[in-house]
Each structure stands twice: as structure tokens, then as C-alpha cells.
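Across the two complexes that follow, chain A remains constant while its partner is chain B and subsequently chain C.
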Partner chain A sequence: MTNPSADNNPKPINTALNKPIVSLRNIGKQFGKVVALEDVNIDIREGEIFALLGPSGCGKSTLLRIISGFETPTTGELLLDEQDMTRMPPNKRPVNMVFQSYAVFPHMSVADNVSYGLKMDRLARDEINQRVSTVLEQVHLQDFKDRMPDQLSGGQKQRVALARALVKQPRVLLLDEPLSALDAKLRDAMRLELVKLQETVGVTFIIVTHDQSEALAMADRVAVLESGRLRQVDTPSALYQKPVDAFVADFIGRVHTFSTTQIELNNEGAKIQTTELGTLQLPIHTLPPGVQAGAQTEKGAVLAFRPESVSISLADDTSNNASHDALKLPGLLGDVAFQGQHSIVEVTRGDAPSISAIVDHSALASLQDKPLGTPVIAHCDQQNLMLLPDTLK
Partner chain B sequence: MNRNPKKPFEYSRKWSMRFVFLITMVFLYAPILVLIVFSFNNSRRGGNVIWKGFTTKYYAKAFANEELMLAFANSMTIAVTSTIVSVFLGAMTAIFLWRFRFPFKPLAEGLVSLPIIIPEICMGVSLAMFFSQMGWWTTGNTPWPLNLSNIILAHITFSFPFAAMVIRTRLQNFNREMEEAAKDLGASEYRVFKDILLPHMKPGLIAAALLTFTLSLDDFVITFFTSGPNTVTFPVKIYSMVRFSITPEINAASTLLIVLTLILTFLALRYQRLTDAKHD
Partner chain C sequence: MSLEDYRQQPRVFAAFALPTLIWLLLFFIAPLAIIWLYSFGENISLVEIKTTWTFDNYARIFQPEILELLWRSLWIAGIATVVCLFIAYPIALVIATAHPNKKPWLLLLIMLPFWTNLLIRTYALLNILGTRGRLNDLLRWMWETSDALLNRIGLGHLELLGTSFTPLKMLGTPSGVIFGIVYVSLPFAILPIYSSLERLDKSFLEASLDLGAGQWKTFYHVLLPLTATGVVTAAIITFIPALGQFLTPDLLGRGQVDMIANVIERQFKRANDWPFGSALSLFLLYITFVLLAIRSFYDASKANRS
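And then the complex of A and B:
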């Protein structure tokens, strides 16, 4: 085994060209009659931080357990460094895991916990000691070597779990909800530290999380799963800007969606009829996958935009500088929630769902002194409108 | 009381509660205390409630009583053997019931704990019949300690369900991720058991050993039905001595039994506290 901490090559900025280290091919998993995973195909590249993201019960943890070897897929295969690992027992895989509960052995000191895996590999005592002290330094626990786990804080226990897995110099490190057991402040600090640690050791990280902001902040690429199916694998910014469907759009950030009744392609793009917004002509020349031209059924396409792309002006403001082809939604001024950098303004629209807009301070200035219920118009530029297959429940 | 007013849950400051507590303590411990005190009474009759001066001669007499000492040796042999076997069986049963899912599991669980609720007298009679039916080979000539084998078997039968119950309770709060973590780090099934599960079970094993040892040491009913004339245990011997006449010697012997149990309990609790403070 090579020592990844010894080579000082910094992590490449772009891991997109790296070869895949973990390949999931048509992975399916059933527990009795319950389908946990269905035809999942992912290539995880060497050296990247890869996040498996989804709501609880989406199958992300099952996928992680398949990679670690604690579950065997019902169908499909798992390749690690191009070798079939589908049925390899967990203690024989070059993959290590940081458990959600950390699972630090309570009857062993920090050093004994960290050296346990190396003892199982029957390494020489000198090498064990040397590797343990290196990894303890990397996680800043060098002064806690002889402590027992009950003398450690939650954050320190997590470092022990990290060190214990990293000391084995795994090809891939699996982290199951690594930040969920920490309090909010520690979580933010640990986020950064995990990314830095990954840069130092260069090991591929696969992180399971239900927290989209965590995945977006840490991962190089994110796989979004929902009810056992893979929805999209992409970089955080691509997920945000080009979601493949309404579920992803709503899970990564927030969206307002409007159902459509009819879509026709013509020379200028797409003519879209909606129940709420009337008929719109958008410069969309090819329909996204999953959206068909013609009459739309209940599960057809939706028009969506994010609160960030909404701007608000007073209804009687004639110096309206929004472009003339923007979507205009009249409504009444609702609550304004101050968020520091920006504010979230609610526009109520009678029985229709209200619209939230995220506006900065300068945009807020004109609304500041207006009473609740002042007539306003919510604008959204055409380029920010997304036509997506409706996968929301 | 001129201190702060009583708060609703400060039961210890209510006189009614203090009274109930006092009465409870008196009924629980007064007889034992009297027994111990009168083991030092310089009187020929143990049931004599008149204090006639301090003496330790009845302890000397008890130690010199060969039959009593043989009964004591028998009891210790039975208790030690049945404890070792019971804890082993109990641990196996507990792990089996905790770890695996199989058809009719609730039935198996019920059957294992049945000896706990079956009246001792029924078990005593059934075991006595069982041994005589199958012609168990303990006769007057069977050499010691083999002549104790049927009592040992009987004790294992009634005490291993207790051991299983105690150990299973301990296993219930084992974090299964710990086991997976060890496997993930390269441990085999055997190493997981030895390095992770066994240390976790240790307090449970000690508690189970203590429980089964005391159960065996002071069991009377089942032993009475399965013991022969040459295989008298300590409690059975004391019973026959009481039937003859109550002397301070019996008080002394009983006190020894109490002291022994107390020392064992103290050691076990102390050990458990030490391991708990270190690990949990």
C-alpha cells in the first residue's frame, strides 16, 4: 500500500478527468417486497468528495452499505478499481467507514481504537505506532492518545472514528451522515475541516447526507436519490442551475411550480399554456428529457422558478425597469423576513399559492415602509423560467 | 420546620414518608440484625431473647461441626460449578435469542424463561422424579464430588434462565454499529466477538454470575428434593439442625452465610462500578 499522506501532490482542482474508483452498475436492492434501490448507475471518480443526497428512505444509506459490504445488492454489480467487489465481505474490502453513531469502542483508549484496524492487518508494532501518530496529528488528536472515549466530546469522538478509518489508508472513505450528531456551530466548522482533511489525505470520500446545504458545500459532485431511484448526478452548481426535474429543483433549494396544460414547439421556441400564468412564448427550442409536446397530463411538465430570481416592484410604479417579456404576477405584499444579507418577501395571491422572493437591501428599500397588503408585482425573467418534468408528489 | 417551604416532590421531608421508610427498614432488616446479634449471645438456646453476654464460642463450635462444614463444602462446590455452567449456557442462550431471527422465536423465549416462573416446589418434585426415573447413579457410595451431580444439574436448570435474562438485558443496549465498525476495520467474526461483544457483555456476565451463585447457595426447596442423605447442603443442614433444636450455632452459621453473600455482592458491585467508570 502506498501512503497517501506522504505524497505532497495537492488535490487536482478538477477531478472530472480522473478514472472511476467506484462503479455502481445497475444496482438494485429489495428487502422482501420493498424496493430500496432500482437500477442505480454511478461512477465515482478517484479523489473526489462525492455526496449521496436524498430525503430519508431514498436508499442512500443502503447504497453506502452496499459499497461498504454490509448489504449485497439484489441485482447489479459493484466495481472497485475495476474489480468486482459485489460479494466481498466488509472486512476484506479496501474501503472504510465512519459510522453515524461513530461507534468508537468504549473500552479502548483513543490510540487502541485507532490502531485496531492495523492490528487486524497484523502490521509490525513500529509501523502501527508511526501510522497512528501520523493520523492522530492529521485529526488534531495527538494529545488525546491515552484518553478513554467517555472523556471525549462528540466532535472528538468523530475525529477518532475518522482517524480509525483513515489509518487503514482506504481507497475510499465512506461517511454516513457525518455531521448529523454535532451541534450547529460545530457542524459548520467540521464541514470545512472534512474538506481540508480530504485535500490532505487525497482519499476519495463518499458522504451520505439528507442535508442539501451540506452536500452542496462539501461535495465535488452530488447524486440526488429519491425513492430508490437516481435522479441526477452533477456538480452542485449544475444541480442548482440545471435540475433535470421538479423534484431535484425543489430539493436543491426552493422552487415555485406552475402546471402546464399544452406545449407546442414553433419557430420561436415553445408555446406553453398554463392554467395560472396564461400562455407564454419561451425561447426553448428543444424540450428537456421527460417533457413531451402536446397536451399535458396531471404528471406532465411544470414551469418553475426560484425565489432568488424573483424581483418585486410596486404595482403603481411606472418606472418599471423589468424587461417587457418577463413573467408578471400581481399580488399583495405579505410578510418580510429579515435574513441578514437579504430578506424573504412574501407575495400573497388570494387563493393561489403565495410567491416568495429573495431580495437584497437595495430592492427592499422601496417596499420598506409600505403596509401589508400593498399591491405589488412579482417579476421573473424568462431566462430564469425552467421547464421541467413534474416529479413532485 | 423553619426552612424553605416543602416542594411537591420533596418526599424525604414529609413525616408520613419518613415513617413508611422507617417501618420498611425495620421489617426488612430487624430479623437479620437480631439473628446476627444473637449469634454472639452466650446462651444455650438460639431462640432465647435474653442477652447473656458476648461470646464467639458458637462460631468455634460451628467450624468444629464436621457435618456442617461438609454441608458448606458441598454448597460451595455446587454453587461454583453451577454458576460457571449457568453463565456459559445463559450467555449462549442470550446471544442466540438476541442475535438471530428464527421461526417460533417467541415460543423459544418463553420456554427459556419458564423455569423462572414455575413454582420451585413443582420443579423440585419433577426433578426428583426425573432423576429417580432415569436411575441417576448417585448412591451412598458415589465418591465426592460426583455424588453432587444431580443437585448441580438441578441448580443449573433453574438458574441459567436468570443468567440468560440478565445477559440479554445487557446485550439489548449494544450498538450494532460497533460490530460493523470492527468488521469494517478488518476483524473476523471471532475477533468481533472477542474484542467488542465480550467486553460489552462483561458487566452482564458478572451480574449473572453473582445472581446464579447466590441463587444456588441459598436454594432450599429444589435441593431438598434432589439431595440424598450424604449430599446435604448448607441450607438443608441448617434446616435439619433447626428441627432438632435452635442453638446459637445456627445463628453463627447463618451469619457466616450472610457475610459471605455480602462480600461477594460488594466485590461484584465494586468491580462493575470500576469497569463502568472506565468504559461506559
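And then the complex of A and C:
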């Protein structure tokens, strides 16, 4: 995985001041006895690409269907441009959707599919034709307007679905797993194209996805959901660098976690006792919400760090410059997986879970010719250690 | 080893296919061939028929009485089919959109009539549709109640409902026969429509709603075209047997609403004119072929367009 913190997407700064276009207020949804969503509050700003991210069954699709009008929330309300839309039928909402299966009508040509929504709005024929050809040009389908859907590839069908929704000039465009049905190569190209298209048309996009790299690459802001609850809403880099809990840290990228037994606050920060790593003194002066000082139960707090904050040195290398690192984990050199710009080095530690480190080539040089099982030490700088509420199952 | 491997094993293939082939040959092709030969034959004695390759039997179909009969069979079967489709579509829609737990039970209700003998069901219909049958009992009760009500509010002298109740005559009329055919064919019409609705991706309907179409427009522009195959199948599966209906016009028509099959039966029995009966039977078969051919052309042209 590429490091999203290196991503510098300038758009959040522009959209951060925009007024909210969609407001979800205390949204709850129950299907019979199953709770799909619980007390979700999100403000989505005008003009941004907003991603709803979470594992399957987290409620992200239900949330999208509430915004589109196919589901009515059990509790709470949905505001669109500050107007209550909670119970408005889908055909009366200024919101359009690109379905996961695209749902391109198989009995209509591309042009008929795209003009369908405008015909339903009883627009003049000239205006329909003009808007249809504009939007078909935007999605590069101008030469395909007389084709039937079964003569189109998956990617082209998706463009038809996009064009059909965008031609209605919606206030918000909803995209349900837009890239999941495309093959890997097309997916990467389409990611970029969707972002470009959004910049051209300026419509607010809400994207549902289970793929965190997709959400991080495309969205200005991401909402992470789990088991029907909202965990965190933030920019991709903030999610990665300042996850609110262990679930988010683990879901956005990889993370190694160690459970803590006791946390004490003192003058230099926090003294943290762990079962595996012993006692550590970290310069953490305020504990994150959800973490309390004192003895930790099993579901208390975890100490976490990411594979790319780990560096590796040989155990017998006395000259290593990482001696001041807060965390030193001795182990044996395991597999090295070459990934192009970097490599993933595994450090095995007997029965304890092994540690992965993402290291670049210069750091790898000293390990290059060493056999498997060479004693090594995995280091982590104290500023890269995160203390998080343990929300992992 | 896949299920298709038997294709490479001629003897295995033969062992599986042979019983069916023999069955079809003995009990379908052979009798049909005999009927075909009869249709070009002449009665030479009470029991003997000689195939003289005459076209007289076919020519006799085009006499006015028979043509009128054919025409009547066509429109009775046609109306019954249309009525069937109008009733079947909503029922199929209800079953297809029902809760998964309830679906098997609803389907069972549709299949239930199949488990009762057709003759018994038709006799039961006689009891319902007769001039003094249960349907007229209900209508009489409704008439009497409304009449009493009108008298009560002082409108009795206007005789708005007529002076007395006239029972609805169903038996021996085309409506009675159509009613009976609809009743018998309904399950056959529901099932193909149900299966096409069941296969339909519901997101097409949601997409239509999402694009601003109301429920009726979604039905007309999306649901109906996408289930057209089911509707056409239902129409054919209803129309073809309806065209050859024998028992329903015989019992519910009281011999006054004869359809083509009743005349065919008469040729083989009372009239003892097997050659003409054979020609009529085959003519019915040809009509069926034409209908199926039209259907294939429809499918082919649809496939061509896309």
C-alpha cells in the first residue's frame, strides 16, 4: 500500500469552508431487530468527494439508500440544502445515484438511457438533446449513443450510469461501490477519471466503498463506519495519522497493536505498562478520549504503530543510531517481500505475532545478504507510537 | 468428470436417449403420422379409411360454418388470454415481491388447483355459474339488499334496479366459457410472469425511481418491457391450450358455445368422419405452429435490434 500521508490533496482546504449540503442528524435504522445504523451524525459539504467507508455490513449502503430515498430512517432526520428530506420519495429528491450493478436499462439505447430522467421531468426536446450530448461528451461516450447496453463493456456501462445520473444535474451524486465491478487496471484509471469528472461538474459526490485505498485516494473526507456506528470523519491523512481508535487505525492501513495493563500520568507524560513490551514512558500528556488512566481491562487501550514507522537493525550492530528509540523488539529476520519502491520485512518473534516493517532500499542494504533467522531488532520512534482505545474485536 | 462428458460416449448417450426416442416415436410421431394420413383419406366403409391423397377434407374447413367456428375459437381464446394476463400480472408481482418466507406458500396456492381433477373443478364451476348457482345467489342477495335500501330511503318507486332480479346467464354463453378457460389457465399465466419478475434485478426499478419516474411510469417504461418475455410466454402458454379447449366449452357452454375441439370430437364420434376430424386437428396444429413462428421472429428481431 502506498503511504496516503504522502498524498497532498489540496481540495479539503477549499471545501472545508463550504456549507453543508447533506446533513444526517441522529440517523438510526433498524430492520426488524437488526440495528443497521445507530445515531449517525454527518455533515457533507458542498462540492466535496465524501466517502462512506467500512467493512461489509457496517451500514454504509443503508446510509446511501437513506440519502437516495430507498430507505426511511427509523430515527433521526436527513437535511438536503437545509430542507427536511427524510420522507421525500426518491423520484422527488434532487439526488441521483450510480448503482453498483449500474442498472443501465437493457432495452434502451445509450441515448435513451441518458435522456430517460429528463423525459420524466418533461423537458423540451431541444434541451434534452443538448444536455444529453454535453454529458455524453463529458464521459467520452459521444460515439456510443446509439449502442444497446449489451454491446458495451463494463466500464462503458458505468459511464452510461454516470451520464444518466449527471444529466439530471443533481445536487448530490451518490455512487455505490462504483469501482468494484471493474478489473484492476480499469479501476485505477477510473479512480482518477471520477475525481477529474467531479472537478469538472462540481457536483458533490458521496461514494460508498469497502476499499480503504479507494476511499483514501479519491475522497476529500472519509467517514469510517463499523457495526452501524460512525467511528470517525476526517481527511484521509488525518484518518491515517490520527485515528481515533484501534479499529480505524487497523482499517486504514496496517497497524501493530499491543495491549496495555496500566497507564499513569506523570510530569514527563504517560507511563504505560504493557504485558509484552514492559513499561514505556511516552510524552503523551493528554489521553485520547476513551482511554483512562489506571489499570486497563482487556478492552482498555492499545499501543499501536504502523509498519512504516518501524526500522530494522542487526542485533550485533553496536553502532546503530536508533538506540534512543522508545521501542526495541528483538526477533529474527523473516521473509523480505520486494514491493518496488520499498520492501516489507518480516521479523519473527517466536510465538508472539511477527512484526512487519516497510523499509526503503537504503535501509534494506545492511540486511540484503543476511540469511533468514539472523537476529535483528525492530525499532520504533516514540513519536510514532499511538495510544488508542481498544475497539478491535 | 463433468456432466457433459456423456456427449463423448455414444453408447452412454444412446442408453439415455433411446427410451425417450422410442416413446416419442411410438406414442407421438406414429399417431400423428396416422392422423396425417387419415386427413388425406376417404371413408370407404363404416370402419375403413383409404388414403387417396385428396385435399377435400382440408377444403371442407373453409366452409362458412367451420370458419365461423374457428373464428369463435380464436376470439374466445384471445379474450380469455387477455383477461388471464390482466389478472396474472398483479398476482405474479405480489408473489415475486412477497417476503421470502411467504413465497413458497403463495406459489403452493397457485399450484393447488392442479392437484384436483379438471372434471371435478369444472363441475364445481357449473354449480357456481348456473342460473340458480352460487354466483347468482350472491348477486340476488346484493340486488335485494340494495333494493330494500332504496325503498327505505324513498327511491323505491323509481325502480332504479328494475322490477325484479334478473339472474346473470353464464352457462351456455361465451362469457361462461371464457370464465372457465381463465380459471383453468390462470396458473399457467402466472408462473412465467412470476419467473421473469423474480429474475429481474430490482435496481432497474430503483434506477427509474431515482431518475424521477413515478411508480406508474416505472411500471410502463421499465418493469413491463423488461418482463415482456414472461408476458409473451404466458400469453402463448394460455392461448394455445385455450384454442383447443374441449371440456370447458362442452360443460360450461352447454353445447351452445362450441369451439373447434368440440367439432373435432364430434367427427371422431357421432359423425364418424375421421378424415375430416384429422384434417381439422392438423389445421389447429398448423395455427399453433404459425403462432410459435411469429414468436420466434419477435425474439429474433429483438435480438437483432440489440
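To be clear about the criterion, the second predicted complex is superposed on the first by the 378 of 393 C-alpha atoms of A that agree within 3 Å, B and C clash if a C-alpha of one lies under 4 Å from a C-alpha of the other, contacts with A are read in each partner's own complex, and residues count from 1 in each chain.
Just so it is clear, contacts are C-beta pairs under 8 Å (C-beta built on N, C-alpha and C of every residue); 3 or more make two chains touch, one makes a residue touch a chain.
What you see is a predicted model; the values in this text were computed from it and never measured.
Colleague: Please tell me, clash or fit, for chain B and chain C sharing chain A in the overlay.
Modeller: clash
Colleague: Please indicate which partner A:Gln151 is in contact with in the superposed arrangement: first for chain B, second for chain C, both, or neither.
Modeller: So A:Gln151 only meets chain C here.
Colleague: Mind working out whether A:Phe338 is in touch with chain B, chain C, both or neither, as first, second, both or neither?
Modeller: Neither chain B nor chain C is touched by A:Phe338.
Colleague: Where does A:Lys168 make contact in the superposed view: on chain B (first), on chain C (second), on both, or on neither?
Modeller: Both partners, chain B and chain C.
Colleague: So, does A:Ser68 touch the first partner chain B, the second partner chain C, both, or neither?
Modeller: Both partners.
Colleague: Just which bits of chain A does chain B share with chain C as contact spots?
Modeller: Common interface on chain A, chain B vs chain C: 68-70, 89-92, 95-97, 99-101, 103, 105-107, 116-117, 120-121, 148, 150, 161, 164-165, 168.
Colleague: Per the contact definition, I'd like the list of chain B residues that touch chain A in the complex.
Modeller: Residues 175, 177-178, 180-188, 191, 195-196, 199-200, 278-280.
Colleague: With touch defined as at the start, can you tell me which chain C residues reach chain A in the complex?
Modeller: Residues 201, 203-204, 206-214, 217, 221-222, 225-226, 305-306 of chain C touch chain A in their complex.
Colleague: Considering the complex alone, what residue numbers of chain A touch chain C?
Modeller: Against chain C, the touching part of chain A is residues 68-70, 89-92, 95-97, 99-101, 103, 105-107, 116-117, 120-121, 148, 150-151, 161, 164-165, 168.
Colleague: Could you list, by residue number, the parts of chain A that touch chain B in their complex?
Modeller: Interface residues on the chain A side: 68-70, 89-92, 95-97, 99-101, 103, 105-107, 116-117, 120-121, 148, 150, 161, 164-165, 168.
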